[in-house]
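Per-chain numbering from 1; labels A, B, C and D assigned in written order.
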Amino acid sequence: MNLLDKTIRNLVIANRILAHEGVVDAYGHVSVRHPQHPDRYLLSCSVSPELVEASDIKEYALDSVAIVKDGHHPYLERFIHGAIYEARPDIHAVIHSHADEVLPFSITREPLIPVIHVASDIGAHIGVWDIHDHFGDTNLLVSDIAQGRDLACCLGHDRTVLMRGHGFTTTGQSLLGAIKAAVYMPRNARILMEAKRLGGPLTPLSPGEIEVRTGVDPESPQMQRAWEYWSRRAGVPPQSGS
Amino acid sequence: MNLLDKTIRNLVIANRILAHEGVVDAYGHVSVRHPQHPDRYLLSCSVSPELVEASDIKEYALDSVAIVKDGHHPYLERFIHGAIYEARPDIHAVIHSHADEVLPFSITREPLIPVIHVASDIGAHIGVWDIHDHFGDTNLLVSDIAQGRDLACCLGHDRTVLMRGHGFTTTGQSLLGAIKAAVYMPRNARILMEAKRLGGPLTPLSPGEIEVRTGVDPESPQMQRAWEYWSRRAGVPPQSGS
Amino acid sequence: MNLLDKTIRNLVIANRILAHEGVVDAYGHVSVRHPQHPDRYLLSCSVSPELVEASDIKEYALDSVAIVKDGHHPYLERFIHGAIYEARPDIHAVIHSHADEVLPFSITREPLIPVIHVASDIGAHIGVWDIHDHFGDTNLLVSDIAQGRDLACCLGHDRTVLMRGHGFTTTGQSLLGAIKAAVYMPRNARILMEAKRLGGPLTPLSPGEIEVRTGVDPESPQMQRAWEYWSRRAGVPPQSGS
Amino acid sequence: MNLLDKTIRNLVIANRILAHEGVVDAYGHVSVRHPQHPDRYLLSCSVSPELVEASDIKEYALDSVAIVKDGHHPYLERFIHGAIYEARPDIHAVIHSHADEVLPFSITREPLIPVIHVASDIGAHIGVWDIHDHFGDTNLLVSDIAQGRDLACCLGHDRTVLMRGHGFTTTGQSLLGAIKAAVYMPRNARILMEAKRLGGPLTPLSPGEIEVRTGVDPESPQMQRAWEYWSRRAGVPPQSGS
């Protein structure tokens, strides 16, 4: 299997994992930067993640125009992906989700911070982007390049950004890193909410701890264990040798 | 497949979707206005939504009397549907549910407002109808025309109305619009409750945002993606061409 | 099928329903008064409700001694059932559960009251029985006749009683009535907790509403719809004619 | 089946039970002391608990060095197990988990105490171990003998210890005792959190009640019922005679 086919295969698995783990439903999407053309990214056309097949994966330029005009319906919000790949050469995977547990932090001023070790991948600081600030009353969807770039600007050097009343977008240097951030983001949010209600002082991960945990090799046995676990649960066991 | 058969087929799918997504259980129901006779509506006889078949779908006049007297047991609360279709010619689908997450707002004075973009279909204002106000001690069920009309009056020009200690009723200009409102209504309620507990100021959807999001074409790829997703999950994949 | 066989068949279904709906797990049990011998009751031997078969159902006298000594292991807590049937001739079914949502009310002084119409069967008043009051430090299990009678005394004329740090016991004039109370008891508890956190005044069911809803015929289409729904979900569809 | 094979078989079942009950996911592990060599323990190599097979079970000395160097990838955190078996000859099973419901108590100063009878096995006192106290900024994983021994020291004579921002470790005199503690630990945590929010005084298990409940024979019908229930649910029914 060549590099592009393998990348597409893994992106299909990623779609199924995120659906099975409840990170996305009919909406939400995951992309990877093209492994050979860093000025392109791979993203499914407008299909629910649970149903994505390899033939649904399309190539887009960083302005989110499809490389091949084959008449497919693209995701309306593909500009999230293009704008982030454009602004952040270090990022190789982007996930957008509406997971319920995260949303309360998007409509209040309470900061969402990582408090559990498995969620360190979401990053030490997470801002809230409000589309209303620069674009007024909209349907809240990131529907053009200007909105995508404004979101990428708010993301800045962070790993993750909240979107007011809408969801969140997280990123990774690898696909597996982004998946891990996306899966543990809602769980970290729920644990943080519960801890706040218990009251009293609260001990988050320290900046040093987040730093130490950054950049674990996605090929390490520990990371591969998660990939194998999630893909089997989603009914798409990894092929041997992949 | 003719228009009526297709409408009945979609209503069966709607029943299964609402059951699978946890919006209804043994109780709760969904109806559509008759596609050819606007003074009639289609609703299952007294069967749990998860088990509804095409042969269970019956026609009722707006006074909720069955068009054909075939001895079936009707839902006791069909008057909810008839009275709303009578009062609101713009409405073509009605869903009644007891979903747990919504009920706390029906027994307190805390207003339930849309805070997530996918729930904009529930409408900007949601009142609470208390059957006790005009009918005293009852079994809380909407069991006759007078009660149905009183509920429709409380609904007014809104999309959704809460029913104290009982549940909610939401509506749509299309069946898919009503399903979307019903599926995201409990999720919006839970997110709002969690946000309130985080404390501090809270940013709901603006009236302008709700307005912009109103009236999305149910035939658009984005809406059809949800229909396909929910129907497949419920084990009733949409027929090609339907 | 004779009356006893039919009663046993329904009791097996009841075990499966309660397991499938999450009311019981490895622990918890359901009994019915013997249809021909009111001084006996039917209860499974020590088997998890999810796994109960007709051959597991045994007969006990009201002192909770097995009618037939066949060497089976009985539930340690069968005295709950015997003592309630002894004290309350009007009761024909008893269910004991540890459902999580109910337990917070058993260890605080916050009264658990019915706030949703489907939970009216739990009754207007629910007391808390603390085994420690009369029996000091125990394993908290109702392990003999004296403890069973003390619990029945605390139940008094109510439908349901909480057991501190342990669970609850609910009852019915029919098996289906008791199942409905047991299934909606945890949901009512969760909704009440959420409503309390929203703050402000709260509207429970009125005594008159509970009264109106009492004694619905278990053979009515509305009740049979729930029985059919729950039994199908549990994988034990009711036999035609049963 | 000889004693070692039976112990390995039960350890595989334990892995599956903990995965199915949501106590562990891709991460988390369970070990038992070797039945013939008390200075060794049995633990899977680096595999998700849901996927563990008998051939994955390896033997380790108390310093957590593998007895047989067969090139397998061990769990990074096996030192948790070795250090506890070293310090506590009375302990024969150890479970490490990241269950969400428990984590809020690990990052606040609110003590986690047993309040429901089925959770008495977690023990009357549960401390919080913060790896940062003695080891500064780390990846939070218990990655060497010194860290394992520091954790075991914090466990002291207790049954269970929380690990800040990470999870918990619980233990048992038997494998089934440890499983029961691990399964009911998250449920007890959630019930305690809910009870705290209801407000007012709260009645936990008394020290005497915990004492009475300690040391139930894992071969008793009541305990075997839980083993049978959990193993069947996990798809690994116990073999007859095992």
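We adopt the following convention: a residue touches a chain if its C-beta (ideal position, glycine included) is under 8 Å from a C-beta of that chain, and two chains touch if they have at least 3 such contacts.
Please read all numbers here as calculations on a predicted model, not as lab measurements.
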Quick one: which chains contact chain B and chain C both? none
Looking at CA centres, what chain is most distant from chain A? C
Can you work out the rotation angle that lays chain C over chain D using Cα coordinates, in steps of 5 degrees? 90
Same or different: do the copies chain A and chain B touch each other through matching residue numbers, with over half of them shared? different
Centre to centre, by mean C-alpha position, how many angstrom separate chain A and chain D? 32
Using mean C-alpha positions as chain centres, tell me how far chain A is from chain C in Å, no decimals. 46
Two or more other chains in contact with one residue: find those residues in chain D. 197
So, with touch as defined above, which chain pairs make the list? A-B, A-D, B-C, C-D
Considering the complex alone, what residue numbers of chain C touch chain B? 115-118, 187, 190-191, 194-195, 197-206, 208-209, 211-213, 221-222, 225-226, 228-230, 232-233
Which bits of chain A are touching chain B when the two form their complex? 25-27, 46-48, 50-51, 73, 76, 98, 100-101, 103-105, 107-110, 130, 132, 136-141, 164-166, 193, 196-197
